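What follows is a single structure, and I will ask about it in a moment.
Note that the chains take the letters A, B, C and D in the order they are written out, and that residue 1 is the start of every chain.
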Amino acid sequence: MANSKFEYVKDFERPDYLLPNTWLVVRIDGKGFTKLCAKYGFEKPNDKRALDLMNAAAKAVMTDIPDIIVGYGLRIPQDLHPIRQKRVSTFSAYYVHLWSTYFPDMPLAPPLPSFDGRAVCYPSVQNMRDYMSWRQVDCHINNLYNTTFWTLIQQGRMGATEAEEFLKGTLSKDKNEILYSKFHMNYNNEPEIFKKGSVVFRDYELVEPGSDNVAETIDDLAEPLNQSKTQAENDKKRRAKARIVVEHLDVIKDDFWDRRPWLLSNKPGKIPKLT
Amino acid sequence: MANSKFEYVKDFERPDYLLPNTWLVVRIDGKGFTKLCAKYGFEKPNDKRALDLMNAAAKAVMTDIPDIIVGYGLRIPQDLHPIRQKRVSTFSAYYVHLWSTYFPDMPLAPPLPSFDGRAVCYPSVQNMRDYMSWRQVDCHINNLYNTTFWTLIQQGRMGATEAEEFLKGTLSKDKNEILYSKFHMNYNNEPEIFKKGSVVFRDYELVEPGSDNVAETIDDLAEPLNQSKTQAENDKKRRAKARIVVEHLDVIKDDFWDRRPWLLSNKPGKIPKLT
Amino acid sequence: MANSKFEYVKDFERPDYLLPNTWLVVRIDGKGFTKLCAKYGFEKPNDKRALDLMNAAAKAVMTDIPDIIVGYGLRIPQDLHPIRQKRVSTFSAYYVHLWSTYFPDMPLAPPLPSFDGRAVCYPSVQNMRDYMSWRQVDCHINNLYNTTFWTLIQQGRMGATEAEEFLKGTLSKDKNEILYSKFHMNYNNEPEIFKKGSVVFRDYELVEPGSDNVAETIDDLAEPLNQSKTQAENDKKRRAKARIVVEHLDVIKDDFWDRRPWLLSNKPGKIPKLT
Amino acid sequence: MANSKFEYVKDFERPDYLLPNTWLVVRIDGKGFTKLCAKYGFEKPNDKRALDLMNAAAKAVMTDIPDIIVGYGLRIPQDLHPIRQKRVSTFSAYYVHLWSTYFPDMPLAPPLPSFDGRAVCYPSVQNMRDYMSWRQVDCHINNLYNTTFWTLIQQGRMGATEAEEFLKGTLSKDKNEILYSKFHMNYNNEPEIFKKGSVVFRDYELVEPGSDNVAETIDDLAEPLNQSKTQAENDKKRRAKARIVVEHLDVIKDDFWDRRPWLLSNKPGKIPKLT
């Protein structure tokens, strides 16, 4: 309804440029979390409750928004414009809402935690998987560094600058060696959630590698979407029934994707029988 | 730190296009609020607690982020990229955080309220003010319609379809007349918060119209920003001291802007003495 | 070299958003060609010299810019920003430069012909082929209409309005029938250049359908590009040696693409022996 | 006309992001002009014929497109999308078309000269003028360097590397001194076209500084455009009558803009009487 001479201001709006038929990844980053960690005394190098809160918020977002396929990577072929903010905004809302469950003795106080979001379009499955691999490699590198750094401080009684200096130029195997020889710590025995991060997805019955034709799946994706409406409705219902799980798996190797073909095909799998 | 062969995926990122030296307006819209209103039984046509919650969230966001000048309109001449999501995300966080203050007897349950945000750049003061005027005209038109519509239903015992049909083609004066003749209601006496909406801003000492050289102010804005660092620090401190107020004023006429020159100049005014 | 206080103006530049690893299509449209056709008396419905000039300009552009693969569709995985303007600009330059070859008796006079360009990224082979199919279907529909329309005028002595009215609501088979029954014209016998348009590409030895593994080709495309420099140099040389041809073929069916696998693989084929 | 199942490919198009009510600057750069200069033997450091050709092409473009206000800077408040390519494309067309007038004895041969274009939106008059100033400062710095460099080579018999080495770290006054003391050349006496570059604009009667209210002009620009259609038609006619001139003036100082208020107001001035 045109209601005033001021309405011309709408012409200044610009839609986001998100390309159809691509894998849309929304990357969510906490802002000012260094301050936040200090304020609420998060444990170093990893605070299990804080990680659980992040994962619970991610699960809640995926429950609200069935289009999201895996972790923070999502693929939505239709109208993409209003997606970006909503995801980040919904994530922030759940983070604040669920806070008291994970930190019952520490009420939130302003300034509240806040998150930035970036939406990136990946044209091919390979590009999207490489994005996930990039994040997991990054998680590994950071966690190995942080684990060694904080062990040097907490158990080795080094200062922060000293620890930083000590680690300068070290490779992965050096850090493994430091942890093992100095502190009798085997990095491989660290919790998977710290080493691999968390991947969140709908859980269907796993598929034996080889039994699923992945090539066909990729071809299907290349086709413009013309699924019947009924099929889409059925898919939606099956998706709503699926349990959303948080796991700490290797997403770089093919195995993760081969055994969960629904992640690339966007077709819901078989709901596993509970036994 | 370049850490893997996967890092090329960063090249797919695209920054938001926000033009420097413009008035950046971030418009925040609740998504699926029709459902939310029903779920929590918001009063019709206006729920005072829900409006107060929105205003409290807006105030909290402006407290966290001193760059915001007025309401949802903000002007930030430097690096603009990460702003959009953070505003919406922060707003969502406060909305959820403050919910229990305004609805103590109705705990929030998933799906949580969520908000979309749109950032629009306005090159001139006139364009930005026209945007504000557009929103306020819209608020007036909607509120007059809703007030009449719900009065017809709540006091006139009409059904929704009947009321809609009854109002089809009516002008503002017709709706005023319906309210007055049928229900002895003077629309002018309705609360300002319903008729004018809410404008949130930092409060300094008002300036007498005429005493402030607005033209100069506009010219200043046209100048590329080269304020000294100290001056910027001082401004930041004065801004932090200012009280943020929620008012229900006419923002279409010049008076609102003439008496609050700090809104257009982005220079903090004089902190009023408390008496 | 930072050379003055004015240099901040560079921060207002925004790069084009072209997504890597996609098929980049640059669509070039003549502007104001209705006036141009009248000014230089182009024949209706098709002016062979004008079409030949367009094709000659396209060939010249593809000779200058080896990245272009086919017709106006081109795929360039590296830095995409400066491409858009250059293609259109180069096309305009050749169009003007070659004009006198095709219209030796009609010198160009201002205002000169000018062209608009639009760059569109297509994420999958299927999307890109659908774009080509869309253009060819459009060419067919327009040419059948124009041929019938101008035959009604030129041979049927109708006026323009009368012919337009006469054709309103007719289907393809109706237009075919009008041409045949009224004017003893078989549309199928019209020149292929009018019915199919022109496709411009580098010519290598054709491949028997079935002998080439297209699926593999598509997979290759999904891989991030990490060809060795030497290979790239060799490819460039073979591309430079290839003859660029203008043909009037069906690009909708698979056959065109199956027999010319170099179009989708971006790997130059075998230079045919001249016999 | 929706004509086929392929038409969905249109949804992949993205419009350019050009903000309304801003000063649109289209910057045109020759690509590969180093090679071009060598190929056609352009004189060093400045080839007068090549500069004249550029200016003639710019004049021709401004004659075709009355929206362009000055040089390569143009302001068009309405629909901006198709502008970018057309300007560059039209410039290329005229460059090629006019080549033979300026280089009658050197026919153009492929690869033809080609141009890139960048469109940048400037929100304020000050930003736009700073852009122009930036270009003119750049022209000055480059020309002083090139003049000294080539004089060292052509008259001082230095090699290119030697001259480069000789000039490393020199300031403007040093280069002036080198030219004067070694070659008895006063840089101030160099042609204005080399020192200042060329500015192209419509010529109306000059206005005495002080007699025109520039502040009002800027205010007018801030107003949303709602000129009557008749007025717009009249303006268009007056613009078409105005002579387009190429001058070599200082565009950094206020004087240039104060005496030609039509450049900032976008209202055509008074056509000077020919005497």
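Everything that follows uses one rule, which is that contacts are C-beta pairs under 8 Å (C-beta built on N, C-alpha and C of every residue); 3 or more make two chains touch, one makes a residue touch a chain.
Not measured: the values here are computed from a predicted model.
Within the contact network of the assembly, the step distance from subunit B to subunit D comes to 1.
Taking each chain's centre as the mean of its C-alpha atoms, subunit A lies 49 Å from subunit D. Taking the mean of the C-alpha atoms as each chain's centre, subunit A and subunit B sit 32 Å apart.
In subunit D, the residues that touch at least two other chains are 8, 12, 14, 17, 19-21, 121, 127, 130, 224.
The touch graph of the protein chains shown is complete.
Note for the complex: subunit A touches subunit B at residues 1, 3-4, 6-10, 12-14, 16-17, 31, 60, 63-64, 82, 84-86, 88-97, 108, 110-118, 120-122, 127, 130-131, 133-134, 137-138, 141. Residue ranges on subunit D touching subunit B, taken from their complex, read 17, 19-22, 121, 123-127, 130, 215, 218-219, 221-224. By the touch criterion given at the top, residues 8, 11-12, 14, 17, 19-21, 224 of subunit A touch subunit D in their complex.
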